[in-house]
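Take a look at the structures listed below.
First chain A sits with chain B, and in the next complex the same chain sits with chain C.
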Partner chain A sequence: MFSYCTDPEALEGLAWLSCYLTTGKHMGLYISVVTVLVLLAITAPVALAFGFAGATAARSKFLPLRWLGKGYTSIVRGVPDIAFFMFFVIALDQGFEWLRHQVKCPDWPDAIRQGNDFVVCTAAKLPLSASPQWLHETYAFFLAVLTFAIVFGAFAANVLFGAMRAVPRPQLETAEAYGMTRRQTFWRILVPQMWVYALPGLSNLWMVLIKATPLLFLLGVEDIVYWARELGGTKNARFTDYPHGDWRMWYFFALLVFYLSFTKVSEVVLERIMKRLTHGQATSGGEAQRRANA
Partner chain B sequence: MKKLILSTAALALVAGFASADVVRMGTEGAYAPWNFVNDAGEIDGFERELGDELCKRANLTCEWVKNDWDSIIPNLVSGNYDTIIAGMSVTAERDEVIDFTQAYTPPDPSAFAALDAGLDVEGGVIAAQAATIQAAFIAEKGWTLIEFATPEETVAAVRNGEADAVLADKSFLDTVVGSDGLVLLERTEMIGGGVGMGVRESDQELRATFDAAIQSMKDDGTLNTLIAKWEVSSQW
Partner chain C sequence: MSCWVTVQDYALRSIGIGERLLPKSDFTLCQQFTLIGSGMFWNIYFGVLALMTGFFFATALAVGKNSSSAWARKPSEWFIFIFRGSPLFIQFFFAYFVFLTLKQSVPLLAPFTAAWLGALVVLFCNTAAYSGEIFYGALLSIPKGDTEAADAYGLSGWARFRRIVFPTMMRLAWPAYTNEAIFLFHATTLVFFSGFPVLRQQGDALYYASYFADKTFNPFIPYPILAFYFIILTLIVVGLFGLVNNRLNRHLPQERRTKMRFRPNIIR
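Presenting the complex of A and B:
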């Protein structure tokens, strides 16, 4: 990267380190950090939406919808994450390809399942084998987002379901007494008030989601932990300009710092949100705030 | 969700413009000198050079894909890439699930690396990478085996005393012995039937293509030159 990096063997100290930390391989690590952050930024709202839909369905008056909501939360919460990430994603990917195969190659003579092999016609591949590697990676990334959203959405649905039931009944009765319809009561009274009950559970989920990102590697997306292990491993002078011993400890230490500071920042932010949500609520926290200001 | 559908649609659209005849080559990228990730972050090593040459001879465009060793076969059969070129020995067990081209390196003995040159391996704890011929060999012999997901971890286990020795391809161990007091034991084990490229059983055409390309490299001696350059095995 820097002009003085052409002969790393002659370098020492900080100059060497600055060259070492800017190799193409280290760029892979930095990109994976961004990948993880982007994944979290997209997954969190999508999972919350899944959760909201699940919770609303679970308390619906319409029986099949209620079954759907309850089934979603109980089944997905019961399946171990790792099993979900190993099998569901491959199944999802094959499902997409199967659908495309049916549409694009209706005259295909061979079976799709041949022994162990899953073979769809070339035009049905997702993404096409001819497309560049970044497209394959983006596709894997979106599969990851979808899978994370489904898993964490189920937990969020359960949290929101509980939170909706925790809103004091008199609040809803008052709304009805004012002549609000069911829909109005739901959107204007129930939803704004439930967040304060949901937040502790949701913040737990957020923390778990941050720590679950290394599961990405199971989905073929190179995550931070993969790169830390790869970069930290012993490097022989035959294959690299920057030979070193087993440095995994340092890389994992850096990961520790990254995850701890990330969760710390999250805690501070969540604390602030909690304070704002508590304002004016008929909870002990809201009461304490009122007294402090009075 | 809507965003996802949109992006999937966009992907499908973009993907439609690319041309066909790209072969995706799956490798592990953690097994020097066979395959590893170089300083620039690209896949490098004996198999990178071999694979590129084979593709040139077969008039194919090849794209390299990194995949974890553990899931390298499942991802081949489900179609995420088209070949495995990752120092994988041809064994009867693997041959039931996938097919192999002819071997591109001859069968070579596996070696042990340990801190103590006089170690009796039969009484010791031996480390090996999971799902390799070496792990299967130790399990069959009934010795004490600890498995690790990556080659790097098997060597680290010997360094920190968790295992007494590591059993692996000699060419890989050559890259790690000499530092931190690691030495090769004199004892070697003749296991495995040479290293070949893995392809799907339904993909006989591709197998024949690569078979022919490997044969042509054997015939004109370029394969031997490549083997000598990277010191991966004995000569043909």
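Presenting the complex of A and C:
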């Protein structure tokens, strides 16, 4: 990358390192860090929306909808989450292809499941086999985001459901006394107040979500784990200008430090948000703040 | 081939007893049930051993974190922070490559590069850190009256810890510790996807489930089977820990007993 990098063999110490860490492949590693951040940025709000829908459904008066909500919130308990990740990626992919198959090739004569194969017509393939490489990668990433959102949505639904129940009953009774409808009470009283009760759970969930990002590796996305393994492996002088031994240990050490600092920063930020949210609330935290200021 | 023959061939496949080759085609439901169930051996092995050994270390960590001496407090705090703040998946990878590197200079450490020992060490440290934090929280919420009463009786040091602090700490921490245990069993599924090699295809339940999913390209059979096994395992763990919970709370009046709430933690 730098001008002095043309002859790596002549380099020493820091200059060598600066050149080594800016090779094209390392750029792949840095891009994958961005991928992780993008995944977090997209997944968090989507999962929250899934969770909100799930929690609302679980409180519904309409029985089947309530069952659906309760089923969704309890689906992820008792079974290892990794199993869900691995299951949803294939299941979603096949589900989409099956739907497209039904729409695009209604008069296809053969069965879709033939023994050990899953065959849909060429037009229903997702993405189309003729489409460019970046589309395939984006599709894999999209599936990963959806999987994360479904699994974490269920966790979030759990947290939000608890938070909705934690809002003091008198608040809702007051709203009823003022003649608000069920819908108005929900949107104007319950939802604004529930966040303070949900935040400890949600911040815990955010930490968990950060720590779940390496699982992208299992979903077939070229993420940081993939690159750390790739770049750290022994490099022979015949194939690269920067030969080195097995450095995977150091690459994973760097990842460990990356995640530790990420969680530490989140912890500090979330603590600040908590402080702001409890301000003026009728909870012990809010009361403590009031006393401290008085 | 009848189902009984399959069970004979594959029931102990995960520890290397029975048929050497995994089924290659014409997968039957029976094969999937038997092999995935056979893989559960590893999940139980890792879970049980890590829990039993981690328990003692976790107690030490909790007491250390609560200590007034910085020499005991700081290392415990850092240990807990490092293992709780980073993904288990990365910890497995890191540990595996550290053991690989160490093996070159100290050949005696060779067994650590195999999953049965190396992954166990990681799980041990991990569960010790998570349970240590739980125990520490419980330690902080021991009723003041209990320790004051201990002081009044002239109990101090080890006797005070063993008779008053430790039982109360356990009682308060137990419901959360149950969830940690359930969760640890779930975390064991990561082992064979994180660097540690699968020797002679002797993997855990998820390894076999994903083997079938890859071969049949049909996730709808192996993963629900895996889920079935894990739900049973979870129920057993909840049952066993519930018995211990009853014993820990046996001196309390019925309504003050802490209820077990099944609320497992998620991914670490």
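As a convention for this text, the second predicted complex is superposed on the first by the 286 of 294 C-alpha atoms of A that agree within 3 Å, B and C clash if a C-alpha of one lies under 4 Å from a C-alpha of the other, contacts with A are read in each partner's own complex, and residues count from 1 in each chain.
Criterion: a contact is a pair of C-beta atoms (placed from the backbone, for glycine too) under 8 Å apart; a residue touches a chain by one contact, two chains touch by 3 or more.
Being a predicted model, the structure only gives us computed values, none of them experimental.
Enquirer: Taking chain A as the common reference, can chain B and chain C both be placed on it without clashing, or not? Answer clash or fit.
Expert: clash
Enquirer: Identify the partner contact of A:F155: answer first if only chain B is touched, second if only chain C is, both if each is, neither if none is.
Expert: The second partner, chain C, only.
Enquirer: Output check: A:V79 vs chain B and chain C. Expected answer is one of first, second, both, neither. What do you get?
Expert: second
Enquirer: Between chain B (first) and chain C (second), which does A:V208 come into contact with in this model arrangement: first, second, both, or neither?
Expert: second
Enquirer: State whether A:G24 touches chain B only (first), chain C only (second), both chains, or neither.
Expert: The answer is first: A:G24 touches chain B but not chain C.
Enquirer: In the overlay, answer first, second, both or neither for which of chain B and chain C A:R165 touches.
Expert: Touch status of A:R165: no partner.
Enquirer: Per the overlay, which chain contacts more chain A residues, chain B or chain C?
Expert: Result: the larger residue contact count on chain A belongs to B.
Enquirer: Please work out whether A:R290 is in contact with chain B alone, chain C alone, both, or neither, and reply first, second, both or neither.
Expert: Touch partners of A:R290: none, neither chain B nor chain C.
Enquirer: So, A:F87: does it touch chain B (first), chain C (second), both, or neither?
Expert: second
Enquirer: According to the stated criteria, A:L255 is in contact with first (chain B), second (chain C), both, or neither; which is it?
Expert: The answer is second: A:L255 touches chain C but not chain B.
Enquirer: Let me test your reading of the model: by the given contact rule, A:D246 touches which partner, first (chain B), second (chain C), both or neither?
Expert: Touch status of A:D246: both partners.
Enquirer: Quick check on the output: what are the common chain A residues between the chain B footprint and the chain C footprint?
Expert: 90, 94, 116-118, 217-218, 229, 246, 248
Enquirer: Would you mind writing out the residues of chain A in touch with chain C in their complex?
Expert: 76-83, 86-87, 90-91, 94, 113, 116-118, 155, 205, 208, 210-215, 217-218, 225, 228-229, 232, 246, 248-249, 252-253, 255-256, 259-260, 263-264
Enquirer: Residue numbers of chain B touching chain A in their complex, please.
Expert: 1, 3-4, 7-8, 11-12, 14-16, 18-24, 29-30, 32-33, 36-42, 44-45, 61, 63-68, 71, 74-75, 77-80, 82, 97-98, 150, 152, 155-156, 159, 175-176, 179-180, 200-203
Enquirer: Can you list the chain C residues touching chain A in their complex?
Expert: 25, 27, 81-82, 85-91, 93-94, 97-98, 100-101, 182, 185-187, 189-190, 193, 206, 209-210, 213, 215-220, 223, 226-227, 230-231, 234, 262-268
Enquirer: Would you tell me which residues of chain A are touching chain B in their complex?
Expert: It comes out as residues 23-25, 27-28, 42, 46, 49-50, 90, 93-94, 96-97, 100, 110, 114-120, 122, 125-133, 135-136, 138-139, 142, 145-146, 217-218, 220, 222, 229-230, 233-234, 236, 238-242, 245-246, 248.
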